[in-house]
Amino acid sequence: MSTVKQDKAVQREKIARRAEREIESGFYVNLGIGMPTMVANYIQPGKEVVLQSENGLLGIGPSPYESEVDPDLINAGKETVTASVSGSYCSSAESFAMIRGEHLDLAILGGMEVAANGDLANWMIPGKVIKGMGGAMDIVHGAKKIVIIMDHVSKHGTPKILKECTLPLTGKGVVDRIITDRAVIDVTDAGLLLREVAEGFTVQEVIDSTEAPLEVSGSLKEAGY
Amino acid sequence: MSTVKQDKAVQREKIARRAEREIESGFYVNLGIGMPTMVANYIQPGKEVVLQSENGLLGIGPSPYESEVDPDLINAGKETVTASVSGSYCSSAESFAMIRGEHLDLAILGGMEVAANGDLANWMIPGKVIKGMGGAMDIVHGAKKIVIIMDHVSKHGTPKILKECTLPLTGKGVVDRIITDRAVIDVTDAGLLLREVAEGFTVQEVIDSTEAPLEVSGSLKEAGY
Amino acid sequence: MKKIYTTFQEAVKEIRDHSTVMVGGFGLVGIPENLILGIVESGAKHLTVISNNCGVDDWGLGLLLENKQIDKMIGSYVGENKEFERQVLAGELEVELTPQGSLAEKIRAGGAGIPAFYTPAGVGTPIAEGKEIREFDGREYVLEEALTADVSLVRAARADRFGNLVYNKTARNFNPEIAAAGKVTIAEVEELVDPGELDGDHIHTPGIYVQGLIEGQQEKRIERLTVRQEA
Amino acid sequence: MKKIYTTFQEAVKEIRDHSTVMVGGFGLVGIPENLILGIVESGAKHLTVISNNCGVDDWGLGLLLENKQIDKMIGSYVGENKEFERQVLAGELEVELTPQGSLAEKIRAGGAGIPAFYTPAGVGTPIAEGKEIREFDGREYVLEEALTADVSLVRAARADRFGNLVYNKTARNFNPEIAAAGKVTIAEVEELVDPGELDGDHIHTPGIYVQGLIEGQQEKRIERLTVRQEA
């Protein structure tokens, strides 16, 4: 593995571990496909958490042993999974009734861009082939708290937290908190509020790599994770 | 039993037996509370019929033997019933999804008044205490065919098939066929069409006891039932 | 693991004066008998109750009527109850009659984050007065809005400590939709079983909708016993 | 008793050129594998297909794409399929992307006689363009209309001859809603069981929604096998 790739993996783990701290015991949580799914690996023992998968599984268990694999049992990322002891199945309409009705405490999703007002873009890039939004547009309206996890800047080094999104939106004003490799930022009625800065970054570095104006919290946590 | 009551029972049986002929083998049918429920007693052997009860039972069986009674198993008239071998249960929202989605082939309901345009009134009489419409307003929109069974005239001898309903409506333009102790009448785009006259009545008697104009069918069946 | 209550009065403690309460059941079948008794004991007043029916004079929600705890009732059929009639005529009780299917769908919508939907039921009747009528594909429909509750009370046959519920036969009725539409939902269950005993393919109400559980002995009164003779 | 088919081509005979067809499944899980092969054999063209996904290049609905039988696809995620991409770019295939929850609810509405409903999903996005936006309780919602199909194809684990269906785990997904939204619904089932073997409390799709049945051997291809090591 190259150093760059290794760094990338370390960075993703750091974000996932920080995101895990958003999950309280007793929570029902939807984790998006990709990096958000990784968060499940870091859930602290002792926390009682029920993970929902929008394809109709409430109570995702660990990956199956080879001998346990059931091709009829997958998560929304189409990976084979198991069900937890409390697990139950439902149809897609029921699953999204559960989501849209705001019965989930938390959804942790990936992002391409987040704007100062909480707008989220994470489903399409004009000019590139459209794959579809899947359940993202429903889920952003469907949990009591929406946390977006992503790299703070693009692979070209440009900010992803913007004054206004440039990509087509997934949802308008839906994001509550952004967690990146550099910072934890809340979306408030007064704009973005910098709550934590990650180890190895300064407040100024975070501000410089964020296009949208950042208010610094009075209780800012430095080297927070 | 007085003669009047006996006559009444005979008349109800006559209507129920005629209504039974509306049911084809393979049909899914909802029978309203009261006289319509009686129709089930006359279903010909050999007809495969599934009866739906809007409280969440698809496949009503016969009344239970004393030893079979389950207080959790009732029909929409709140009578203890059994489930047929094909029987399944569902929630109220699912039951009315089934109804509203026009998956039932036929509903046979009682009526207070029917108008020439198919309007039905069968749920309230102003000034009398309101009991509620129950599922009637949904069911009248929810079967491929709506048959109303009722006495041809009120207990005061006045017509119940009218130019226009005088009572608050249950549904507008919903009735397909009316079956009474005197006649079978279809609601058509051109108005009411007299299809059958019951034994013991003449066409003129039916016309005289019907306020709405009646077209007489070219293939009229006399002494039809 | 959900909160397991041991007294019915404690189980309904979130129901306060002026609360909106949804209660499962069709007639007396599937009603949370003991939770209703818990409300009677609590004495909470000025309630808005959403339930298909309103019990009978001496059982079920009829007990709350008798005790004058209900200000407003939303249901589809209330004809089994003389005290109901008396209070409506005396102007003591407000009643909002709703077609049964619209009631079930309004409650489902409330739990499912759908603020409103169109239905054919009630078009051209007094029920549609003051509501939007709209044509789709040449047919008229009325706009109906969602219903939710501060507290929902349901009854299930079996439950596990995760709040998963299974109903018995036609005792299911309004219970699943009502469980999903309450900000707080308490389930009275006939039997609490061990984790893993309920098959995930057979759960009617997943635990996410349930905040508290209590075991209760049911009377299961029969309104219209109808039997056939043994052969 | 429902019609029991013995060949898949006969089972899909109602699917003709220009038919609208709904197909159950999420990814490759819960798809009616052999009924799809039946459509390939039938050669019916200019189809509108409604399904959450469109299979992969060499399996599931991807086979219909390969065979150029689809004119229009309504789904939520179509990213697993290179031929899909090629046909969209070449203007050979029309695609209507719909948020997954709205898609599921539009199909449910189609089966449930609800012509339209409001949902928050898609407000402020390209998906809401040209659609009515309406405020309820201070929040914006978009109006979405129901979807129905000429023919619905679903897959179940078990069925009886009355058409009652039971699904296995996450192979349930869109199947129950799709079964209810088809004018004609054909179910491919893994096992046909004797009348009375299915518990009435455990039926996922009641027989009223099903017009025909056929038993089929499933390949059940796995898209992303993910396992953990034995301890």
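Chains: A, B, C and D, in written order; residue numbering restarts at 1 for each.
Simple rule for what comes next: contacts are C-beta pairs under 8 Å (C-beta built on N, C-alpha and C of every residue); 3 or more make two chains touch, one makes a residue touch a chain.
As the structure is a prediction and not an experimental result, all values here were calculated from the model.
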**OP:** Going by C-alpha centroids, which chain is farthest from chain C? Tell me that one.
**Re:** A
Original post:
Any idea whether B-D or B-C has more C-beta pairs in contact?
Top reply: B-C
Original post:
How many Å are there between the centre of chain C and the centre of chain D, using C-alpha atoms for each centre?
Top reply: 33
Original post:
Which integer distance in Å separates the CA centroid of chain B from that of chain D?
Top reply: 36
**OP:** Can you check how far apart chain B and chain C are, centre to centre, with Cα atoms defining each centre and the answer in Å?
**Re:** 28
**OP:** Round to the nearest whole Å and give the separation of the Cα centres of chain A and chain B.
**Re:** 56
**OP:** Can you tell me which residues of chain D touch two or more of the remaining chains?
**Re:** 105, 108, 112-114, 119-120, 167-169, 172, 200-201, 204
Original post:
Using the touch rule from the top of the page, what residues of chain A touch 2 or more other chains?
Top reply: 83, 89-90, 96-97, 99-100, 141-142
**OP:** If every chain is a node and every touching pair an edge, decide which shape results: line, ring, star, complete or other.
**Re:** other
**OP:** Could you list each pair of chains that touch one another?
**Re:** A-C, A-D, B-C, B-D, C-D
Original post:
For chain B, which residues count as touching chain D in their complex?
Top reply: 28, 48, 50, 52, 58-59, 83, 85-90, 96-104, 141-142
Original post:
Inside the complex, what are the residues of chain B that reach chain C?
Top reply: 53-57, 62-67, 69-74, 76-81, 83, 89-93, 95-97, 99-100, 119, 129-139, 141-142, 168-173
Subject >> Contact footprint of chain B on chain D as seen in their complex >> reply: 1, 108, 110-114, 160, 162, 164, 180, 195-196, 198, 200-201, 203, 206-209
**OP:** Flag every residue of chain D that touches chain A in the complex, lowest number first.
**Re:** 26-30, 52, 75-79, 85, 88-89, 95, 97, 99-105, 107-108, 119-127, 157, 167-177, 204, 220-230
Original post:
What residues of chain C sit close enough to touch chain D in their complex?
Top reply: 105, 109, 112-120, 136-137, 139, 141, 145, 166-169, 172, 200-202
